[in-house]
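Here chain A shows up in two complexes: once beside chain B, once beside chain C.
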Partner chain A sequence: MTLTLGKPKRRAAHTVPSARWRGRQAQGWLYAAPTAVIVGVLFLAPLVLVVWMSLNRWPLLGQAVFNAPDNYTKIPNNPLFFDAVLFTLKYTAITTVLLSTVALGLALLVQERRPGVAFFRTAFFLPGAVGFAAAALLFYGMLNNDFGPIGPLLQNLGITKEPVKWIGTPNMALFSTIALVLWRFAGFNMLILLTGLQSIPVEVYEAARSDGANRWQIFTKITLPLLRPTLALMLILSVTGSLLAFDQFFIFTNGGPDNSTTSIVMVVYRDAFFRFDLGGAAALSVVLLIALVGLNTLLMRRLR
Partner chain B sequence: MRLRLAGIAFLGLLALTAAACGSGGSDKQPQAAGPVTITMWTRAATQAQSERLVKAYNSNHKNQVKLTVIPTDNYQPRIAAAAGAKQLPDVFAADVIFVPNYTSQGLFMDITDRVGALPYKDGLAPSHMKLGTLDGKLYTLPHTLDLSVWFWNKDLYSKAGLDPEKGPKTLKEFAEQATTIQQKLGKDGKVHGTFFGGNCGGCYVFTFWPSVWAAGAQVMNPEGTTSLNDQPAMTEVFKTYRDLYEKKVTGPTAKEEQGPTWTGFFPKGEIGVMPMPSTTLGTMPADMKIGVTPIAGPDGGESTFVGGDSIGISSTSKNADAAWEFLSWTVSDEAQVEVMAKNKDVLARTDLSNNKYSAEDPRVVLINSLVAKGQTPFALRFGQTFNDPQGPWLRLAREAVFGDASKVPQLNAEITKSLQQ
Partner chain C sequence: MRYYSTVTALAILFLFPLLWSGWASLEKPQNYLNMAAYGEGVGTYATNSVLVSSMTVAGTLIVSALGGYAFARFDFPGKNLLFLATLAILMVPYATILIPLYVLLGYLGLQNSLLGLSLVFVMFQLPFALFMMRNAFEAIPRELEEAALVDGCGTFRAFSRILLHAVRPALVTVGLFAFLASWNDFFAPLILLNDGSSFTLPVAVVSMTQGTFGAIDYGMLQAGVMVMALPCLILFVILQRHYVRGFMSGALRG
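After this line comes the complex of A and B, so read on.
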């Protein structure tokens, strides 16, 4: 290949550009090859495998048996499926709204360079450096009424008489989990919004002020519209992350109490690793993937 | 320059391809002739016993065992993932109730002939052997045994005016004694009559079912395909615990207890009497006076849930002979007496239950004697039905103890449906 490229053979005049073009094309392919291999091995191959699994009865060991479309048609019979879909949508809606609001509030707070602002930026971002599973365990320990510090503290201060059941009722479990997610992700989302805020030219603000715009007008007429692409990115990240929520429920609430915090991915996990129904779990994953792609396409169109 | 870059990229591509294709090569290597190191997995719940056995084996055998301990909650998924990737270790222990499912999935190697050659094969713990048998073939040996028994705190009994030497003989006495402890000592909220894992399916079966068996009833049909958890015997047990919770005799967090910490309160001296795993007896504070008694039914009888782990050679192991050498050693006289009995563990062999170590502690003799009396329920779909937090059993138990008990018949039908999947 290198020889051909280094010393092109003499050919008729009209073929020379074509050979060079082909050589350049081959070079381009070579440059792209490592990435192509990575995408192929780590993304496309598993995707094809999951789709293929979803069309088969796939035992832990032994031969798969083609059974399409059974794995798909039995999804509605899964007793957890519809509740999990509803719960995941509810969780996604609440989390996305709260996360966007809190992150935007934090970003506006630390937007301008003032003494001490670096400290607050770091403080807000720091929870993002904790692994999510570790954060879920941390909350589990902190809010545990048997050995965690929060329960006794609230009681000793006279704020509550009895231990608060942080994950004892469906609503408390949901809101405790959302508190965990806000704590863990608000700082990270703040950082995304901060980059958006800082890309808005100062001149625009100055012009608005000299035209007599007040703070609220500046926020609604300048900051928000110019922040739209960044908000769209944050929204897509938040919606995707929430629809795929797993760690927080698996570790913190265990899907309970009484299956009230069982997300769709937990149902996938249960089908694969407790029921060993790998084909069924793959079918659910494919459905989830299609729903995610559809929803994100819709979101991107709306927010463009 | 461009050519050089292209060359580098090409080499990178080759390296990646080689890495992607290279992982499967080691499978084809022949078994080494010299000493072999076999790999073993166990779950954290029975880590101490496995570690002691492996340490003792490695100290005087040429073949060596490399033990990996996996968190209990993640064990089943790890086994499933490893089996799917054909990367199971040479031997692995598993919660005995999951063994029928694993054998039906072909995860364990058939060891019928090897077990048949053992001189003490008839002494191996019967319930573990039953669950390790599928279609007349044997796949596993008992590895560790963990029985559910009632522990009572003798100091708290004395303080509450109860006879510290007389533990409960019926479930009714259990409830009465727990209530007395609560009334006499529970005013400041630090001591409670009893405790149980109210949001933990595995805890319910381990601690509630023996009361049903002790009353002469069953929780499932022998084939493990029909649930009997709506029958009067189970209903009465649920009702007893429901009363205890409603009267605040249990610790306040019993309803939320998911399992990881349910055994943590008794050693702190906070609980009067409660069902506990026998394996925790050896880990109790040395100065704590603890009574041990079998779990009873509402009006008497005695039984236990014979839990713990079974162990087998994985069907994909290339070191079956070395693996069997280790497995058969773990149930030998030497390992059972000098490793297990010496540490107050329950023995995997009923013929050794009276030995020089167990005789030192009558509680250990009692626990060992229960191995033959207790039960281990058989069901192919046990884990997904009873242990899984999203399974139907936990919903039934929680409705029966904390919620709407009239939903039990309907939820029992869901358990049967899950068992028959």
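After this line comes the complex of A and C, so read on.
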């Protein structure tokens, strides 16, 4: 997600004698060598390998056999894949809209310095410090009607008559997962937006106020436009994260009921480690990679 | 007043699940005893998690401090290419890289190995960590380094004696992010570790939801959640300032 590549590089004027200069070059390489080894061996090599795997029949155990392009041509026949794509897109759309709305609301609430505001910021962010797996397990217990408090509470208050099937129907499973994701990630996104809000100069607000702008005008004419780059970053992070959703569905809904909450990455995982078809999983991963890079490029062009 | 009632209600909403989980786990102390005896014993899983997190934090700090220094202070052929390749890690889906890594670590004799898992975590941390460290070294006045070099220090002595000291806050931020990521990650250990005795806490605690004879011990499960969450909550509250610096630096944008 290369929105900005940091500061423009500075080049010092090279008045250094060339032998010493070459010495500095060698030293630079020496310091960068561990980075180069890690990136080369654990990132670039697997990237090449995943393409090669996708061109082979590659069982979990046993010999790989070249079979291109079978792993790609059989993707349309994968019964789970298309449902998973549709479901993941739906999940991504809903999550991104809700998450950015809630995060923006929270950020606006705690952007100004007031007594106690640091506590509220921490409170909103604290779920983000908990691992996503732990958060999913927490909700798994909390939304269990025999063990957790939410179901009985709703019934006692007379809000629901029957016990709520939190993960028992496709729609409820999606709803509960989104509640989990909002709880876990709203504070994280709030923090991203706060950095953007705080970079808007106070003078701009003061000028608008002295020109007689009301709060709504200030929000739509100043805050939103100036927050655009930060909002774009948050949207891209949210879209990417949601399209690659795995933990929440694997742990919390187990892809069910009836595979209705099976995400794309879950299909990749099942192909690889339940159907022992690493070649097929590799082909899906390559398609996913291309789609994601394409989408990110598009979003960056549009949003900037 | 309306402001404070709104934010208080929201704070309760956000804190309630954590408080409930803590309470549900402590309701019966037996929950913790059950968890301690679960599978290979929670001690084994916690030890694995501590080992993986320590190796990840140490590895990330060493690689990104050296690399950050190189990118901030030296010019060498391939510099921009290597920086772009590192940032490209952020563009690639987790699953896309973990499936070939499962095979590749097998070739390297690092399958089902905590060291192999830690190295993978170091790689995932590098874009953020390298960006942070490069900016931190760039912010040090050149005179500080030059003074050390004139005093007859080699670049490595200048680096280890003086510069490393000056970038300490950035090191804390990088270390904190590396800890939280490696301690909490579920997907990478799920794929790369296949022997129960080498599981980290998230994989082990998630396996509790499979239940024994169909019955899930929810109290034990929440005890597991607490063991995973508490170190992160405590560290976060103590080092909050350093965490927020990670957001401010623009490194997330990298």
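The criterion applied here is as follows: the second predicted complex is superposed on the first by the 272 of 304 C-alpha atoms of A that agree within 3 Å, B and C clash if a C-alpha of one lies under 4 Å from a C-alpha of the other, contacts with A are read in each partner's own complex, and residues count from 1 in each chain.
We adopt the following convention: a residue touches a chain if its C-beta (ideal position, glycine included) is under 8 Å from a C-beta of that chain, and two chains touch if they have at least 3 such contacts.
All values derive from a computational prediction rather than experimental measurement.
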item: Contacts of A:Ala129 with chain B and chain C, given as first, second, both or neither; value: second
item: Partner chain in contact with A:Phe147 - chain B first, chain C second, else both or neither; value: both
item: Chain B versus chain C as contact partner of A:Ser285, first or second or both or neither; value: second
item: Which superposed partner A:Tyr91 touches (first chain B, second chain C, both, neither); value: neither
item: Which superposed partner A:Gly187 touches (first chain B, second chain C, both, neither); value: second
item: Partner chain in contact with A:Leu137 - chain B first, chain C second, else both or neither; value: second
item: Chain B versus chain C as contact partner of A:Pro34, first or second or both or neither; value: both
item: Which superposed partner A:Phe81 touches (first chain B, second chain C, both, neither); value: neither
item: Which of chain B and chain C A:Phe273 touches, first, second, both or neither; value: both
item: Chain B versus chain C, judged by how many residues of chain A each one touches; value: C
item: Touching both chain B and chain C, residues of chain A; value: 2, 5-6, 27, 30-31, 33-34, 38, 41, 144, 146-147, 269, 272-273, 278
item: Interface residues, chain A side, partner chain C - complex; value: 1-7, 9, 11-12, 24-36, 38-39, 41-47, 49-50, 53, 58, 106, 109-110, 114, 116, 119-120, 122-127, 129-134, 137-142, 144, 146-149, 183, 186-187, 191-192, 194-195, 233, 237, 244, 246-247, 250-251, 265, 268-269, 272-273, 278, 281-282, 285-286, 288-289, 292-293, 296
item: In the complex with chain B, residue positions of chain A that touch it; value: 2, 5-6, 27, 30-31, 33-34, 37-38, 41, 59-62, 79-80, 144-147, 162-163, 165, 167-168, 254-259, 262, 266-267, 269-270, 272-276, 278
item: Chain C residues touching chain A - in the complex, by the definition given at the top; value: 3-4, 6-8, 10-11, 14-15, 17-18, 20-21, 24, 62-64, 66-67, 69-71, 73-77, 79-80, 82-97, 99-104, 119-120, 122-123, 126, 130-131, 134-135, 138, 155, 159, 180, 183-187, 191, 202, 205-206, 209, 218-219, 221-222, 224-225, 228-229, 232-233, 235-237, 240, 244, 247-248, 250, 252-254
item: Touching residues (chain side chain B, partner chain A) in the complex; value: 2-3, 5-7, 9-10, 12-13, 16-17, 20, 76-77, 80-81, 83-84, 86, 101, 105-107, 199, 251-253, 255-256, 258, 261, 264-265, 315-316, 381, 383-384, 387-392, 394-395, 398, 403, 414, 421
